[in-house]
Amino acid sequence: MFPANEALILSAILFSLGVIAFIVRRNLLYTLMSVEIMLNAAGLAFVAGSAIHGQPDGQVFFMFILPVAAAEVAIGLALALLIFKRCKTLDLWAIARIKEE
Amino acid sequence: MTILTLLVAVPALGALLCALAGKTNANTVRGVALGATLLHVALAIGLIGAVAGGPLIERHLWIPSVGITYHLEADGLSAILVLLTAVIGVVAVLISWSEIRERVASFHVWMLLLLTGIVLVFLARDIMLFYFGWELMLVPMFFLIGVWGHEDKLYSAVKFFLFTFAGSVFMLIALLYVYFQYAAQTGTYSFALADLMKTSLSPTEQWWVFLGLFVGFAVKIPLFPLHTWLPDAHTQAPTAGSLILAGLLLKTGVYGLMRFAMPLTPEGYTAFIPLMAGLAVFGIFYGAWAAFAQRDFKRLVAYSSISHLGFVVLGLAVGNAAGYKGAVLQMVNHGLATGGLFLIAGLLQERTHTRSFEMFGGLWRQIPTLGGFLLFFALASLGIPGTGNFIGELYVIGGAFSRAWWLGAVTGFGVLFAAIYSLRVFLATMHGPESKTFRKLHDTNWRENTALGILVVLLVVIGFYPRTVTTPLHFAPDQLVPAAGRDSRSAAAMYGSAPKTGMAVHTSEGAH
Amino acid sequence: MTDNGVPALWLVPALPAAGALIIFLFSKFWNPRVAGRIACSAVGLSFLWVLVCSYMLITWPGEAPRFTQKLWTWLDAGTITADVGFLFDQVTLVFTLVVTGVGFIIHLYSVAYMRGDDGERRFFGYMNLFVAAMLVLVMADNAFFMFLGWEGVGCCSFFLIGHFYQKQENCAAATKAFLVTRLGDIFLLLGVLLCAKLAGVSFLDLSGFEKVAGMDSVPQAFGASGPLLLTIAGLLLLGGAMGKSAQLPLQTWLPDAMAGPTPVSALIHAATMVTAGVYLIARFHVLYVMAPVALAAVAMVGVGTAFYAATCALVQTDIKRILAYSTISQIGYMILGLGVGAFSLGLFHFFTHAFYKALLFLAAGTVIHALHGEQNIYKMGGLKASLRGTYLVFLCGAAALAGLPLTAGFFSKDAILWYSLSTKYGNPALFALGMVTALLTAIYTFRLIFVVFHGTERSHHHVHEPEPLLVKPLAVLAFFALFAGFLNLPHFVPVLSAKWEHFLEPVFGHYHAHPAGYGGKAGEALAALLSTVVSLAGLFIAWKLYHPGAAVVPVPAMEIGESETSTPAPYKASLANWLYRGWDFDRAYDAAFVRPFRRLSGMSSWVDRVIIDGVFELSAAIVRGVHSLLLAFQNGRLSRYALVMLFGALAGTIILFFGRGW
Amino acid sequence: MLLIMFYIAAIIAVVSTGAVIFSRNPVYSVIYLIISLFAVAMVFYTLGAPFLAMAEIIIYAGAIMVLFLFVVMMLNLGQNRKDEDLQAASAKALVLPLTFTTILAMLTVLALAGAIPAPHAVGTSSAALGKALFDKHFLGVKLAAFILLVGSIGGMHLGRASSTPDTKETRI
């Protein structure tokens, strides 16, 4: 009775949006945000899986995703700060050029 | 420790000694190199004597697990070519006495290593040893051209290396194919040529194996479409380099055809005869035409050697004793005559710092002896009787004529074009009004005279007594070309001429 | 002396060869005169030894004596077997006598003529080498060894024509001579190879050709019938003869070869080398008798060339070019003689011609030497007084050349003309054309005499009597020019007639084309009378046109003195200019062969640079292209990497999704 | 009834995530992301995972997104910035990724369409989750803890760099 199939479709859609965000936006923060979206979508799929099979394992796995996402954001943003300090911008294309000098 | 290993070891040790003597002054290095090459000539002459009694063999196991044996063998053909290598080695050392100023030690090391590679190629009867020698030749030549070359030496050195290396890849594939076929048929793994000749391959297999070998050797000879590396390599190589390149490296290609391609795949050889003959004849004409249009002395001589090598390959393609002897003779003569022309080009460049015909003209009054030598070698390269080239060309044309009259006729006219460019070499440099650009050119000193003199004497001796080269050969035709003989019907039919009795060479040497 | 009493034949060519070697190696350490002395003594000794051999040959008991001597085997590859062997029979005797005898005289003459020239040592070295090569040519016992002499002679003519190499046109003339003769040599080589396959090429035994003529098909490679093959071989050998003896299609080089010093023209381009073709055809007479078509071709080439050269000689302004065209014409006669089967008479004409043509050339040389290098006949004149000795000698030579009665030229030319009418190979057309050419010959010879020696003094040089060495040797030649004819008096002469033919009987005996018609002695006498009338008429016409007071005919385009030999059109009349330029063969050959070859060679080096290298450069370009393509994916932008990864994922899923179906 | 709640949450999630991509102002996009997370939490609830829904809201939305917001505010990438990197992506740049992702999504959905069995009736209660977490996946929990430790050390180390002067050596 759980809408698990639909949840899986939803996670697919969310994941696609995350990927598009990652490719399209040129700002580093948006890249980090898109990673968050993708992680979240993956988590949703896990939970949908556990709903389908009735085992808790799916949900356990989501619990693991949370710390990973947290750690990832922590370091990501720290790096973003340092990059911003050095390159005065967060535009990935500009950073690529600056990095080369 | 028979004479064969000595022949390979002497130049290698010479190279080592030169490297060690590098610290001392240049002349000791040159002395060591000269000593090594002179010893090498002595050994080579000893080999010629020894071979008269029958082929010398020296065989040790090298890598038994894979079947590679250290198998050196010398019959008539190999002995002559080794002698040619030795002689050209001496001349090369003599001639680069004053030309090579910087890094003299490494120059001689590379040159002697090159000679080792060449001798190894001529003596090896084991496919892998042959291939080892084949690759060993490439590297020193690359450095000789690349380091001591002239203007754009890098381009030519790389071009030379890539061309030959690509060719040798095809060759390796073909050889390995035969190796595995042999292993499949007999269960034992062996790289020895004698064994591999026993593999029975279907005609189509043979065709492909011969194609692989032919491409590898055609690049080296060079035959028509694959020849563009030669003019560049020659113009940029130092004198000794282009002398060895013209005198010896081109012969390794032809020798490879004779020693490995023809015996290993007889049907392949007979199937390829029309292509080989066609390319050879076209090469003769094409080389001559292109030579005439050149403005650079060495480039002209390089194209002329394409034309001469066309004769050699035609001699092979014709397949009868006359063609065969003509091919071997022409190889030796080309080494001497074109070697001489390159020496003179080097001497001229040393004096005038240029090779282009526009700058030359009217030099005969200033350098009469060099002019005399140039006249002799120009005439030798166009095949004046009295020099060996005439005999070589006569045998090849005679062989082609007896095979198919129109082939002989067409090749005959190739000789006319040879005359046109050879005379041009002499006229453009020596004749004409007194040269304004060069004033005080000094004539050749005793050392250069001896180098050129050796070549002149050898050419005249071969010209008047060609049996010095062809008698040791009496072993070769029977062993080497039985395959063509054994299958004379298809060859003759291929050629459209009535099958001849004399076609089968193996019956008796004099039959045809 | 060898064991069986045969004299050491190899000594004859060895002496001049040794002389040449000594001169080349050591003469630069001595003063130039020594080179001249070595050269003369070498040729002189060789001449003496030839005399000894001839004496032994003539006095040799036995029916058809000939000496043979084999030194070592030279070639041994299947059909191409030949050894370094010498043959000395009657024909060789004649040729060696001429080569060494006339050669010796010319060497004496050139000691004086070339004194002071900076290339004197080189000149004598090459002259000796030439004599050695010519002796090898005539004394070889097989065609391959003869070919060695054949090309050696061609190569020496290249050296000697290009003696004054400072001037560019001399080098061009030398190269032209060498290349045209070499073209002929190729035909000869192919002909010799064909003969080698058919019946062997040793001159000792030519019977093989008879057997081949009988066979309807020759088994070896060709499958063609015997006679056809013999004809082809004959034509090929004729091609070789044409090249070396400057016959019709390949004659353009001889007039330009006059760029060489005069003794060279005398020795090489008059007496010896140019007659090599005659020797070749004489040696292969068995082949030609067996191939009548080839023989007819020989006759036609001979008479055609004779007529062509005679017309050209009429209008030349350079004294040496007149003699050059005259030489071509006279060799045409010899070839005509061979062509009608009168082999021994062809050689007789060679024998007499060698003397009087060498004489004319040397006398012309003396004239040029006296006038300090002036060669244009219209700038000479009235030299009769100042160069009396030379004039007398020149007159004897001219008389012989024109064929005035009782001179050597008369007997030899008349015999050839008679045989061209009476033998079974001859026909009236040949005889008629021969007679017309004889008339033209007389005209241009005496034109030369009158313009150069008679009339008013036109040259501004002070003419002084040349030194004795430039005139004395000429006297010997003059003697032979006048009296050599008596060696072969016509048959109608009762006493000692046709000595020459009997002498050469052993060599040409059974093949001598007995004149079928043989209109008997009366016919021969009539023909002799006719040729005397013709030569006298020629003298008369020449006198009418060119006597001292007459205007210059044909009318010159520019002021008479200025026409240098190089200007292509010295006359007003276009026909005269056309004849002057040798029927424009040069322009035709230049357009047909030289220019296309230059373009062809330019094109082939272009093909090499652009097309073949292009292909390999292309492969390099492909590699560079792929490299830049891949570079696009590494441009550092994160989003590009993500896109690629996405694409990868997509491809993966598609393959998996549809993969299941495979 | 669950289904209706699911659909509402799904729509909200998709719309807000879309907004995240196309909003010009980073602050707005962070807030949209937070909304999207809330919607996903709702979906978790409908999937019978109430504990996870709460965890999502507290940890994910609460902690991580707040950190994001904090950083965005600190770098004041507010609306007055007109750098090109903040513009919404041009339509052309969108085409390729869009097509790829749609195909990818459709494929995965199609692939899964037939394979998924019907969902079980009962969801898993928090107790069951807790029990599974600490006996079957206890190792996982320790590793998760370890990751958090690494995360905090990393964050601290990178943060510290700002105190020393920005010389070449200290650059990351």
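As written, the chain order gives the labels A, B, C and D, with residue 1 at the start of each chain.
Assume contacts are C-beta pairs under 8 Å (C-beta built on N, C-alpha and C of every residue); 3 or more make two chains touch, one makes a residue touch a chain.
Bear in mind the structure is a predicted one, so any value in this text is a computation, not a measurement.
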{"item": "Neighbouring chains shared between subunit B and subunit D, ordered by label", "value": "C"}
{"item": "Most widely separated chain from subunit A, with each centre as the mean of CA atoms", "value": "C"}
{"item": "Closest chain to the centre of mass proxy, which here is the mean CA position", "value": "B"}
{"item": "Subunit B and subunit C: spacing of chain centres that average the CA atoms, whole Å", "value": "37"}
{"item": "Distance from the mean Cα position of subunit D to that of subunit C, given in whole angstrom", "value": "104"}
{"item": "Whole-Å gap between the CA centroids of subunit A and subunit D", "value": "5"}
{"item": "Cα-centroid distance, subunit A relative to subunit C, in whole angstrom", "value": "99"}
{"item": "Sequence positions of subunit D contacting 2 or more other chains", "value": "97, 101, 104, 108"}
{"item": "For subunit B, residues that touch 2 or more chains besides their own", "value": "none"}
{"item": "Junction residues of subunit C - those touching two or more other chains", "value": "643, 646"}
{"item": "Pairs of chains satisfying the touch condition", "value": "A-C, A-D, B-C, C-D"}
{"item": "Contact set on subunit C toward subunit B in their complex", "value": "24, 72-80, 84, 118, 144, 147-148, 150-152, 155, 158-159, 162, 165-168, 171, 175, 178-179, 182-183, 186, 189-190, 193-194, 196-197, 219-223, 597-598, 600-602, 604-605, 608, 612-613, 616"}
{"item": "Subunit A-facing residues of subunit D, complex", "value": "2-3, 6-7, 10, 13-14, 17-18, 20-21, 26, 29-30, 33, 36-37, 40, 43-44, 46-49, 51-52, 55-56, 59-60, 63-65, 67-68, 71-72, 74-75, 77, 83-86, 89, 93-94, 97-98, 101-102, 104-105, 108-109, 112, 116-117, 119-124, 128-129, 131-133, 136-137, 140-141, 143-145, 147-148, 150-152, 154-155, 158-159, 161-162, 166, 171-172"}
{"item": "Partner subunit C, residues of subunit B touching it in the complex", "value": "159, 163, 225, 227-228, 231, 286, 289-294, 303, 320-322, 325-326, 362, 364-365, 372, 375, 379, 384-386, 390-391, 394-395, 397-399, 401-405, 408-409, 412-413, 415-416, 419-420, 423, 427, 430-434, 464-467, 470, 497-498, 500, 502, 510-512"}
{"item": "Residue ranges of subunit A touching subunit C (in the complex, touch as defined)", "value": "19, 22-24, 26, 31, 92-93, 96-97, 99-100"}
{"item": "Residue ranges of subunit C in contact with subunit D within the complex", "value": "643, 646-647, 649-650, 653-654, 656-657"}
